[in-house]
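The data blocks that follow each hold one structure.
Next come two complexes built around subunit A: one with subunit B, the other with subunit C.
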Partner chain A sequence: MRDRTLARLLVLPCALAILILGIFPLIYALHLSFHSWQLPSLEPQFVGLENYANILQDKRFYWAIVRSCFFVVTTVGIQFLLGFTGAFVLSRGVRGLRLIGSLLLAPVMIAPVAVGAIWLPLFDINFGLLNYCLGLIGLGKVEWLATPTNALPCLMLIDIWQWTPFMLLILLAGFQSIPREPLEAARIGGASEWRILRSISLPMLTPVIGIALLLRGIDSFGKFFDTAYLLTRGGPGTSSETLNLYIYEVGFKFFRLGYGAALSFTMLLLALVGIAVFFKVFRVE
Partner chain B sequence: MRWPTQSLLLSSLAAVISLSSCSRTGQPEVHVDGRPYSGVTLNVGIEAAPVDIALRNRLPRIREELGVEIQIVPLEYGTLFEKILTDFITGTGSFDIVVYFARYNGDYMGAGFLRSLDEYVQEYPPDYLDILPAFRKLYSEWEGRIYALPYDGDYFLLYYRKDLFGHPEERSDFKQRYGYDLGPPDTWDEWLDIAEFFTRKPGETLAGEVLTDNFYGISEYWGRARAYAWFLNRFGSYSGLFFDENMEPRINSPSAVAALEHCVQSFRYNTPGPLGHTWWNVREDLLFGKVAMIFGWPDVGKAAHEPTQSKVVGKVGFAPSPGVRDPDTGAIRRATALVSGRVMAVSQSCQNPEAAYQVIRLMSSQDVSMTNISEANSHCDPFRLHHLDHPELWKVRFDGLEEYLSASRAALDVGFPELTIPGAEEYHDVLSRHVQEALQRSISPQQALDGVATEWRAITRRRGLEAQRRAWKSQLSAMQQLNLVPSD
Partner chain C sequence: MSYRRRSNAETMSRAGRYGLVVLLLAFSASPILWMLLSTVKLNIEIFSDPPVFIPQHIPQAIQENWEHALAPRSQGGLGGLKSIGDSAIIAVLNTLLVIVLAVPAAYSVARFKTGGKHFIIWIISQRILPPISLVLPYFLLFRELRLLDTHLGLILIYTTFNLPLAVWLLQGFFAKIPKEVEEAALIGGCSRVKALLRVTLPLALPGVAVTMLFCFIFAWNEFLFAVMLTRSRVITLPAIIPGLLYTGSMEPRFGPLFTLTAVSIFPILLTAFVLQKYVIRGLTFGAIKE
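Entry: the complex of A and B
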């Protein structure tokens, strides 16, 4: 009994910290989402579900969801394909694996704002390296960030560049953790490499793949902000505006705190639904 | 305001005591070291370089004359509005002085976050009447009280390539094609003709030389941050007005649609990527010899004659903005958007408001501001009559300075101010977003502006119709008093 009390006491500071730093802001934001609060007015007004009703009629919100989902599915899908292929190749024994691993980690370690600062001059229409290279092979200049059709794909390209190595390293760790015995037994039994990959490696990698996709999916849906903000700010028009850019603009640029909170909660709800579906499909425990 | 050391606290206390015994002669009492505010340190929130260059260049003089130490808190241009407002709302008190775009006046002055300077202005006059009327009435005052003094008086000028416009072959070709003489455009229709005329592909001839690269008629800033400003240049001359007296949007009126249709027509003659352009791209396009003409802020004129920045030194002419010809009278109605002018103001949290006022008074004084606006690298632009009347005092000297100042005066006579009411940043952003959509031709100009009107109504409703109407009426009345819009 005394041990249990001691254990509770020891857990208490941590639980309080989580409550204060994590749960309280969440509850407060939920409370705020039922109010209309346009700063600098200091008087929030209770409006019940009006903010949520407005969200249902907000076309900009729907388009932001479509763009966010397209962004996540495409970038994480491509990162997975490239990462899986790279991990498969590297897992078969490559010299200098440690060096390669370190180099691959470099983009992952760069702060998102710095990533934006690196890519902005590359995309420059007149002086950018990309257009210079296109010019060398006789192609015309591309308006990388300045057209509605190109802006979002450019942001996706950056996300793929930055996070494919992360996917690769997780999957490489997964490949390396597969026990050798079943693979060798399959080879002795005459199975092809494709058959081994499909019937042995892939099933054993499923939990790792699930975790990698989940982490990248959450990250991509909710946290791809800084680079996009620096490069396009959601433009031209709203052509590259994802949900988090929209919420930032509503809540922190124009200080519609109640509506911003309602948007955030809707985004959280969508993310939870997405995660639940993901668990169902991948049967990740 | 945080004081880092006890000694600083004591010295500031001494300064406060000395201030409280200021004489009423128009000059502050002088401190024992000969400087009236020795020991006072002030934090200035200002957009980072190049905007803060003028302030940085004047720090020794502020220290020398006032004894004030300035700590510059550089802010990023894209987040300037929310950073300062967040500081005000939370009462953090990071800034004693703020330098910001005048369009934030409604949110800063109107909400009571800034100190009225009336008392200090009366005691230590800042040559206030020498400040050009639009910058005085619309940018420095709120509801009849003075809250700020100008730092940078932004307006637009038309820059064109004199060498191309004066080339005999080009003039002859132009006359043959359009039936009138080639010159700086007087009307927006002429602007389109000239933009079309000079847009050429490699292999074609320009002023007797075969082009190896594309050459364009114009370059405009259609990026999200300022697309509205380039629209306002047309909107004003097409007799557009933001709202009627009851705060009902007039942004989708026939004249506004005509203005946006002109923007859409003009769009095709731009250098590549105008939807991603910033002011820097527009400026570069002119200075690197890629376009025949641009609209730009006054700093372009100074840079155009600096060999270190320009490939077209001596080839750039200046003119006020084109306008719209009245079909009945033949008179041309012009308007030049007054967008992005910056002011300096003292925050409510400032513990040394008088010292802060003296700093902004010094910075905007005839003498110091003349240096600020006429240095090659300062990015501050004229806002006083003194600046326009005394070319001999300009630090940067170039052929055509008189012409530049005369075009500036003409532009300022027909200035068309951006909104300064509460929420102006959001109203402008909505406008920019829809203007971009019209330029992409994803929707028609009428649809785009109808969308603006709908969103503007929602902003007004959210912020309180009555308060917004009062603020707009005040701005409208000032604009009418200054003859910037018709009084009917």
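Entry: the complex of A and C
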């Protein structure tokens, strides 16, 4: 009985902190989303569901969703393919695995905004390393970030660069956790490597793959902001404007606070729907 | 015959394997190496066509880059020294605050199953929440509370994001420590709290260290809130960067910026290497335990 009191007492400070710091601002944002509040004016005005009704007709919002979804599916997909191949190869045994692992950790640990800064000079039209390399193999200069068709793919390239090692390291941990016996039995039985991968390794890796895709998907949808803010601000035009960038524009450039809050709640809802679909597909607990 | 063919195939696959590893490391490391090379280049060498692969003025470049990076803004520098201080204050105090709040909570969850299923749902929902949806309310609340542009403001916000991760990671580490060890201490006359502090916590020390590392990294690297909610009194290292790149007519000075970047990632990488064994666990939100 005394243990139960103690148990609750120990959780109390943490729960209070979350309530005040996490839940309260969220409720405040929900409250805000039912109001119209353009910042120079001092008083928010209650408008009911008007903000949400406007969202349904907001073309810029729909395009931002399309870009965000395209961004998430493509980057996470490529990260997975590259990471899986790399993890498979490394799991077959190479020397210096510890060192390789450490080196691969570097991009993951660097602040995304610093990663943006690292890539910026590489993309430079006249002095950038990328155009120099293209020149070496006889190709013309590319305007990496400056054209509407290229801006978003460039941001995706950066994201793929930063997070492929993350995917690889998770999947490598998965490969290493597969028990050796069934693999060796299959090998002695004459199964091809491809068959072993498909019939033994892959089913055993499914939970790990699920976690890796889920984590990357959530972060890439909800937290992709820093490099885009630094390199394109959603431009040229709105060609690289994902949901995060659009909400930033609405809230902090146009100061339409109520509408911005309504947009962020819609985004949260979309994230929840996405995750529900993911769980249906993967059937993970 | 068949033996020789097989060994040929094996050498092939081995060569392929190492080829792929080299390719992978080159892809992964080259942007970072190029950045590091820029820290020993003068600005003319950075903006040069063809690119400079072997810098000619290394000592001079290092001196200029470091001076410019660390000099205060009032003297035309990046204000790096002040920003290192700001980032360190915020990251260290945030980490300590989170640990103090998270250790008892995690212990309670691991030992007494406090919260049960609700707890897990809360953890996951914290992770799903897009940070941008909290920026506006925080901005407005902080304006009222006069917390804009302060260390305390960012420390509190980062606590919101770090607490769930910390509780989650720590409870995993606590759950692994056998109950019997603690019970022995209880029979020996220790109180629960004393047993936690004297027996369980020391055993969970690697876990606590990893948790602290991840809290620190998050606060050290965070950009969105830092750039939106602070302006002049407090500028963390990530928040310096956009101001530097949009200087108007001047060419951005990458040399000093990258010097600062290198300085800021060095302590993190070092600690991560030391704690490498546990890092995957932190990265995957405790889902994968090696």
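Following the convention adopted for this analysis, the second predicted complex is superposed on the first by the 285 of 285 C-alpha atoms of A that agree within 3 Å, B and C clash if a C-alpha of one lies under 4 Å from a C-alpha of the other, contacts with A are read in each partner's own complex, and residues count from 1 in each chain.
The criterion applied here is as follows: a residue touches a chain if its C-beta (ideal position, glycine included) is under 8 Å from a C-beta of that chain, and two chains touch if they have at least 3 such contacts.
Keep in mind the model is a prediction, meaning the values are calculated, not measured.
Participant: Output check: A:15 vs subunit B and subunit C. Expected answer is one of first, second, both, neither. What do you get?
Facilitator: Second partner only, subunit C.
Participant: By residue count, which of the two partners contacts subunit A more extensively, subunit B or subunit C?
Facilitator: So, of the two partners, C touches more residues of subunit A.
Participant: Contacts for A:253 in the overlay, against subunit B (first) and subunit C (second): which applies, first, second, both or neither?
Facilitator: first
Participant: Which holds for A:237: it touches subunit B only (first), subunit C only (second), both, or neither?
Facilitator: first
Participant: Under the stated touch criterion, which partner chain does A:141 make contact with: subunit B (first), subunit C (second), both, or neither?
Facilitator: In the superposition, A:141 touches subunit B alone.
Participant: Just checking: does A:126 make contact with subunit B only, subunit C only, both, or neither of them? Give me first, second, both or neither.
Facilitator: A:126 sits against subunit B and subunit C alike.
Participant: Touch check for A:177: first (subunit B), second (subunit C), both, or neither?
Facilitator: The answer is second: A:177 touches subunit C but not subunit B.
Participant: Looking at the overlay, does A:36 come into contact with subunit B only (first), subunit C only (second), both, or neither?
Facilitator: The answer is first: A:36 touches subunit B but not subunit C.
Participant: Pick one for A:105: touches subunit B only (first), subunit C only (second), both, or neither.
Facilitator: Second partner only, subunit C.
Participant: Going by the contact definition given at the top, which residues of subunit A touch subunit B in one complex and subunit C in the other?
Facilitator: Of subunit A, residues 126, 229, 252 contact subunit B in one complex and subunit C in the other.
Participant: Help me check something: in the complex, which residues belonging to subunit A touch subunit C?
Facilitator: 3-4, 6-8, 10-11, 13-15, 17-18, 21-22, 25-26, 28-29, 32, 85-86, 89-90, 92, 94, 98, 100-114, 116-122, 124, 126-127, 129, 132, 161, 164-166, 168-170, 173-174, 176-177, 208, 211-212, 215, 218, 221-223, 225-226, 229-230, 243-244, 247-248, 251-252, 257, 260-261, 264-265, 267-268, 271-272, 275
Participant: For a test of understanding, state which residues of subunit A touch subunit B in their complex under the given definition.
Facilitator: My answer: residues 36, 38-40, 125-126, 141, 143-148, 229, 232-238, 249, 252-256.
Participant: So in the complex, which bits of subunit B are touching subunit A?
Facilitator: 78, 81-82, 85, 88-89, 107, 111, 113, 222-225, 271-277, 281, 284, 288, 423, 425-426, 429, 433, 436-437, 440, 442, 462-463
Participant: Residues of subunit C touching subunit A in their complex?
Facilitator: Within the complex, subunit C contacts subunit A at residues 17-18, 20-21, 24-25, 27-29, 31-32, 34-35, 38, 46-51, 101-102, 104-105, 107-109, 111-112, 114-115, 122, 126-138, 140-141, 156-157, 159-160, 163-164, 167, 192-193, 217, 220-224, 227-228, 237-238, 241-242, 245, 252, 254, 257-258, 261, 264-265, 268-269, 272-273, 276, 279-280, 283-285, 287-288, 290.
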